[in-house]
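One chain, chain A, links the two complexes that follow: it is found with chain B in the first and with chain C in the second.
== the complex of A and B ==
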C-alpha cells in the first residue's frame, strides 16, 4: 500500500507496531498472565436447558469436595449486589441465573478453589432440577411466538429511545426501529419492475484466541478489575452502578487483548469477579475455556426481507424488514438494530424508503457486536439483491450500481447528507482490479468459473466521547494516556503517530499508557471502527494543547518564537533543574441529532465507512465445492495513518468474514450448541484463505478526521459474503440466499436447478 | 504428584507436578513463562506450542510428567541477550502479528519449518503452518515473514 506522509512525516508512515518485539518474544502483557496473591479461580456451572425455572439447586456434593473454597449462587451474589442485573441497553442480564435460565450455557453457579481442576470437578457435581418452559430460537418466530423469553422488559435508561419499553410484557421485541422517507407505496405502484427477496445470516461467533478472562482484587481504596475488555470506562461505570459506589472506587485495568472483534465489550465476566471478590474478600480470576465462549456472545443471526422498485434502471423505492436474533439478553443488540438498521437500503440513492428493524429476544446465547456491528448481515442481503436485479434486468452489475449509488452531497435514507464517502471510487477501483471489462474465462469441464463484486457502507456509532492526555516530561519525552484498547488493531501505534505528528518527534519514541481508569481518561469504548476517528481527534487535540503550552513556556523563559531550543532546555530554564511537566488535554464528541418520529435526522453519523469486495470463484458442479481463487478488498479509510497496518486490517477483516461466508455456523439441537469447539467449529486456517488476496485504500480524505483519517477495522468485512454468492451464481447459475455457502447448499441448488432435487 | 527434572530454555530445573497437569500449565504457574498459551485446549490452534527435544508439541495436551529428562524450549528461550532470531525479526518487520496471542506458536512452528525446508514455497509454508490458527488472520504477512527469514538465513545475512 502506497505511503503518503504529511508534515512531520509521522502520519502516513508504516511505523512498526510499538509492541511488536513484545509480541514476537511472547512477553506481551495479557490478563491471561495475571496471578494475584491468595487468588482463587472460579469455574462456572452452566444451564443445560434453553428456558426453564430452577426448581432446586443442589450444591452440597460440590461443596464437600476437598479443596473447594466456596460454591456461589445468585442468593450469595445478592448479599453484595442486591440488584444484580446489568447490560448496556437493558438491565436484563443477571450475574448468575436468578430463578430462571434463558439459554443453554447460562451461568447458574460458580465454584471457587485455588486449583482450577478441583473447581472444575466440583462444578460437575452440582445438580439442578428445572421446570422446562417453551422456548423460541428463530428471530422471525420470536415476533409472534407464545414463548416469551423475559417476563418483563427492563431498559437500562442509558438510551432515551428505549424508555417507552420499560415494564412491557408478553413481547420478545427489545427494540423496533422504523424509518419512512418519501412514498414507497407510490414508487412500487409506478415501477417497471418489483423485486423481493429474503436472505438469512447464520449465528456465528468471534472466538478470539484469548478467551474471556477477568480478575478482581480488593484494595485499600476499593476494587481493582483486571480484564480483557474493549470498554474499560463502561466497566467502571457499570460496576460502580451495581455496587452503588462512586466511580473512583472502581479501578479497571486493561493490558493487551488477544483479540476482541466486539466480543469483549460492556460487561462479560467483570460483574461476576467483582461480586465474588467482595464475597470472599480474596482475589478471584475467571478464565473461560474455548467452549465457554460459545455460551457468552455471538453475532446476530438475521433475516432480511428486501423489496425494490425499479424504473428505467433506477431504484425508486425500497422496503426493508430486518429481524435480528438477539439471544437471551439484549447486550448491544438494540443499538445494532437502529444504528446499523438505518443503512439497510445500502449505499444507493433511493427517494422512497421504508425500514422496519426489530431486535428480538430468543433462547440462544446473547448476541452482540461483531466486526461490522450488523453491517455484514445487511450488505449480504442488499448486495445479493442488487445483483439478482441486475441479472434479471440484463444489466451489468457494476453499471447498475453506478447508476444508483449515493454520491457525496446526496441524502442517505435518514436524510443525512453523504460526505467524504468514496462509494463510486471504491466501485471504480474494484472494477479496475477485477479487470471487469475484459473477457472472462469461464472454464470448460465440470469446474465453472465466476466473479462477483459487492459494496457496502456503515455509519459510525454516534454520539460518543473520547478524552486523551499528552504528557511532556522535563527531558522532552512524551507519554500518551488514553483508554483505547489495543486488541491487535494497532491503536497504540496509530495514536503515537498522531502525537508524534503534532509534536514533531518519532512515533517510536512516544509511550502509550494502557487503559487504567485511575490514570487514563474516559473513552466510550473501542468498537465500531470509532477509535481512530474519535480518539484520534482527542489525541490530536491533546497534543496540540501540549504544543501550545510548550510555546507559552518558551515565551515565558524568553526563547524567541520558532527557535530550535530543545524542549529539555525550556524546562531547565524554568525550573533550574530537570523538573516539571506539560500536560495537554483533548476531548472530542462529534455533532449528532437524534432521529425524529420518522427515523430521519440531518446528522446521523460523523463519518461513513465504505468497503467493497471482488471475488473470483471456481465451482465444481459435480460436488458443489467452491474455491475462492481471488479476493480483493477495496475501502475508503480516509488517509491511511499506517499503510501496513491498514492493509492487515483490511485483509484480516475480509478473512474473518470469509470464514462466516464459507464455513462457520453454530449448529443447534433444541437450543443446545453441538459444535462448541475448534474440532467442530472451523475458523479459517492458513490453507483455507484465497491464494490471491489484494487490498487497497482508495485516495481519500476524511475532512473531519484526525489528519484526514477514519476507521478501518470493519470495512474489509462488508462485501465478502455477497461478492462470493454473486460469483457463484455467475459461475454456475444458482443463487444461495442463506449463509454459509457450503458445498452441500451449492450442490442441492444445482440439483434443484436440474429438476432432480436431493431429498433432505 | 511427582518431581520432574528437565532443561528449560537451557537451564536445569525441577518441578513437583500432578499427573493430570499439562506442560503449559506448569510453565505458566511455576516458571512465569506466559508465551505458550492455552486457547482451544484441543491441540488444534497452536497457541500453546513448545519444543520438546527440538520438536514442536501442543503444550496443552503434553503432560508435564512427560517432560522429565527432556529439554523444553519456549518462545522466551529463542532470543538471546535481547537479540531476536531471524524469524522473530522478520515477523516484526513484516508486521506478521496483530493481537499477538498466536504469534509465539507461529514463530516456533516457522522455526521447525525452516529447519526441515530451508527454502520453502508458499504451499510448503501453508502446509506446515496449517495447525496454527490466527483469528486476526495475518496469514499473508506470516507467509511473507517466513519467506523473508528463509531468504536471510540462506544468504547468511543475519
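== the complex of A and C ==
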C-alpha cells in the first residue's frame, strides 16, 4: 500500500509496530504470565443443562480433596457483593449461577487451590441436581416461545431506550428497535418487482489465541485487577458499582492482549476474581482453557428477512426484520440490535424503509461483539439479496448497485447524511481490480468458476468518549497515557504516530503507557473500530495542547517565535536544571442526537466505515467443494495512518470472516455444544485461505478524523460472506442462504437444482 | 489431569510385562499425540503409562526379503523422508504429506497411527490396500495380524491390552500401482471425512485386479469387495465410475460432524473413481 505522509512525515508512514521486537523475542507482558505472592488459582465448575433450577449443589467431595483451599458458590459471593449481577446493557448476569442456570457451560461454582490440577480434579467432584426447565435455542422461536429465559428483565438503566423493558415478564425480547421512514407499503404497492428472502448466519467464536484470563489482589488502598480486557475503564466503573466503592479504590491494569476481537469487553472474569479475592483475602487468578471460550461469549447467530420493492431498476422500498440470538445474557447485544440494526437496509439510497430489529434471549452461550458488531450478519443478507435481485432482473450486479448506492450528501435510513463515505469509490476499485468488464473463464469439466462482489457499511457506535494525556519530559522525550488496549491491531503505534506528527518527533521515540486506571485516563473501550478515530482525536488534541504549552513556555523564557531551540533548553531556562514537565490533555466526544420515536436522527454516527469484497471461486460440482482462489478487500479507511497496518487489518479481518463464511460453526444438540474443541471447530489455516489476497484503501479523507483517518479494524469483514455466495451462484447456479457455505450444502443445493434432491 | 505413573522400559519384553490385560487404566504411550488429547479432555485417566520411546531397535526402517519392515516407534516424519519407503511404496510418503502437520508428524508414530483405531486416519486404509501386516508382541510370544484384520470397530482393535505392535511389514508390491485420496470437509487440513486407498495390478489402463479400501466415513477402514470386482477389467473413466457406483452401494457410511451419510455416499462414488484414475496415472 502506498505511503502518503503529511507535515512532519509521521502520519502516513509504515512505522514498524512499536512492540514488535518485544513480542517476537517473548518479552511482552501478558496477564497469563502473572504470578502474585500466595496466589490461588480458580477452576470453574459449569452447568451441564441448558435451563434448570438448581435443586441441590453438593461440594463436599470437592472440599475434601487434599490441596483444595475453598469451594465457592453464589451464597459466598453474596457475602461480599450482595447484588452480584452485572452487564453493560442489562444487570442480568450473576457472578455464579443464582438458583438457576441458563445455558450449558454457565459457571456454577469455583474451586480454589494453589495447584491448578487439584482445582480441576476437585471441580469434577462437584455434584448438582437440576430440575430441568423448557429451553429455547432459536432466535425466531424465542419471539413467541413458551420457554422464557429470564423471569424478569433487568435493564441497567444507563440507556434510555431500554427503560420500557424494566421489570417486564414472560418475554425473551431484550430490545426491539424500530425505524420507519417514508411509506414502504406504498412503495411495495407501486413496485414493478418485489423480492423477499430470508438469510441466516450461524453462531461462531472469536478464538483469540490468549483465552480469557484475570487476576485480582487486595492492596493497601483497595483492589487491583490484572486482566486481559478491551475495556479497562468499564471494568473499573462496573466493579466499583458492584462493590459500592469509589472508582479510585479499584485499579485495573491491562498489559498486551493476545487478541480480543470483541470477546474481552465489559465484565468477563473480573467480577469473579474480585469477589474471590475479597472472600479469601489472597490473590486469585483464573485462566480459562481454549475450550472454555465456547462457554463465555460467541458471535450472534441471526435471521434476517429482507424484502425490496424495485421500480425502473431503482430500489424504492425496503422492509427489514432481524432477529439476533443473544444467548442467555444480554451482554452488548441490545446495542448491536440498534446501532447496527439501523444500517440493515445497506448502503443504498432508499426513500421508504422499515426496520424491526430484535435482541433475543435464548438458552445458549451469551453473544456479544465480534469484529463488525453485527454488520457482517446484515451485509451477508442484504448483499446476497441485492445480487439475487440483479440476477432476476438480468442486470449487471455492479451496475445495479451503482444505480442505487448512497452517495455523499444523501440521507441514510436514519436521516443522517452520508459524509466522507466512499461507497462508490470502493465499488469502482473493486470492479477494476476484479477486471469486471473483461470476459471471464468459466472452467471446464466438473470444476466451474465464478466471481462475485459485495459492499457494506457501518456506523460507529455513538456517543462515546476518549481522554488522553501527553507528557513532555524535561529532556524533550514524550510519553502518551491512554486507555486504548493494544491487542495486536497496532494502536500503540498509530497513537504514537499522532503524537509524533504534532510534536515533530520520530514516532519510534514516543512511549505509550498501557492502560492502568490509576494512571491512564478514561476511555469507553477498544471496540467497533472506534479507537483510531475517538482516541486518535483525543491524542491529537492532547499533543496540540502540549505543543501550545511548549510555545507558551518558549515565550515565557524569551525564545523568539519559530526558533529551533531544543525543548530541553526551554525547560533548562525555566527551571535552571533538567526538571519539570509539560502535560497536554485532550478529550473527545462526537456530536450525537438520539433517535426519535421513528428511529430517525440527523446525527447517528460520527463517521461511516465502508468495505467491499471481490471473490473468485472454483466449485467442484461433483462434490460441492469450493475453493476461493482470489479475495480482494477494498475499504474506505480515510487517510491510512500506517499503510502496512491498514493492509494487515484488512487482510486479517477478511481472513477471519472467511473462516466464518466457509468453515466455522458452533454445532449444537439441544443446547449442548458438540464441537467445543479446536480439533472439531476449524478456524482457517494458511492452506485454507485464498492464495491471491489483495487489499486496498481507496483515496479518501475523513474530515472530522485525526489527520483525515478513521477506523479500519472491521471493514475487511463486511463483504466476504455475500461476495463468496454470489460467486458460487455465478459459478454453478445455486444460491445458499445459510452460513457457513460448506461443501455438503453446495452439493445438496446442486442436487436440488437438478430436481433430484439428496435423500438421507 | 491427575498424577499417574510413567514407566520407561528399555526392552519390548519389559514393556509388555508392565502392561495388564485386565486394567484399562494402564496403556502404552508412543508419540502421545492422541493420548495426551484424551487425557487433557478427561476421557482417559491413566494410572500408569508405559512409554515406548526408550526401547531400542524399535524405530528402524529396512527391507527384509523384499518386504519393508518399519519399527513401531518410528516417527511419521522419519517414514516420510525415507528413501527405502519411497522406493518400496511411494504412496505412503504421499499419504503422510496430507496427514496433519509437520509438528504432529515429528512426534506421532507408526504404531500409534495403527493402534489408536480412530477411523478418521490416513495410514490404515493405505496399508490395507498394500496388503500390510503388523507384528504384535504379547506375554506369550509374537503373532502377525494383517492390518485389514486389526480393527474391531470405532476406536477398537483386536489387540489385547497387554500386547504391543512391534513392527509393520509391507510386502513387495511387484509393480502394483497405488493411490490415496483424502477428502476433508471442515478445513483443508483436517482428519479425513473420507479416505480412499486403491492398489491395482494393471496393464496400461486395464485393471487386472484392484484392492479398494474406504475409511473415515465408515466405522472402521475396510475393503469393498464388490467395488473391486466391478473395477476388474475396466479400462477407462466409464469403468472406474462404475466401480465408484458399486462402492457407494456397498459402503456402510456414518453421519458425523464431517458430513451426513447420504453426502458421504456421493463422495465415495466420486472419490473411488478418482482414486483409480490417480493410481493408473490416467488423465
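Remarks
The rule is simple: the second predicted complex is superposed on the first by the 759 of 760 C-alpha atoms of A that agree within 3 Å, B and C clash if a C-alpha of one lies under 4 Å from a C-alpha of the other, contacts with A are read in each partner's own complex, and residues count from 1 in each chain.
Here is the rule we go by: a contact is a pair of C-beta atoms (placed from the backbone, for glycine too) under 8 Å apart; a residue touches a chain by one contact, two chains touch by 3 or more.
Please read these numbers as outputs of a predicted model, since none were measured by experiment.
With both complexes brought onto chain A, simultaneous placement of chain B and chain C is permitted, the two fitting side by side without a clash. Shared-chain residue A:51: touches no atom of chain B or chain C. Once the two complexes are laid over each other on the shared chain, residue contacts for A:687 go to chain B and to chain C alike. Judged by the touch definition given at the top, the superposed model places A:290 against chain B, while chain C stays out of reach.
In the superposed model, A:677 lies in contact with both chain B and chain C.
Chain A is touched at more residues by one of its partners, and among chain B and chain C that partner is B.
Rounded to the nearest 10, the angle made at the CA centre of chain A by the CA centres of chain B and chain C in the overlaid structures is 40 degrees. In the superposed model, A:401 lies in contact with neither chain B nor chain C. Judged by the touch definition given at the top, the superposed model places A:300 against neither chain B nor chain C. When both complexes are overlaid on chain A, the residue A:117 reaches chain B and chain C alike. Once chain A of one complex is fitted onto chain A of the other, the partner contacts of A:622 are limited to chain C, with no touch recorded for chain B. Closest CA pair between chain B and chain C after superposition: 5 Å apart.
Comparing the two interfaces of chain A, the one with chain B and the one with chain C have residues 117, 677, 679, 683-685, 687 in common.
Chain B meets chain A in the complex at residues 18, 20-21, 28-29, 33-37, 39-42, 44-45, 47, 74-76, 78-79, 84, 88, 91-93, 95, 97-104, 107, 122, 125-127, 129-143.
Chain A meets chain B in the complex at residues 14, 16-17, 19-28, 30, 32-33, 35, 117, 206-211, 256-261, 289-290, 487-490, 644-645, 648, 651-652, 655-656, 677-679, 683-687, 689, 691, 693. Within the complex, the chain C residues that touch chain A are 1-3, 37, 41-42, 183, 185-191, 257, 259-263, 266-267, 270. Those residues of chain A whose C-beta lies close enough to touch chain C in the complex are 117, 120-121, 124, 622-623, 663, 667, 674-675, 677, 679-680, 682-685, 687-688, 742-744, 747-748, 758-760.
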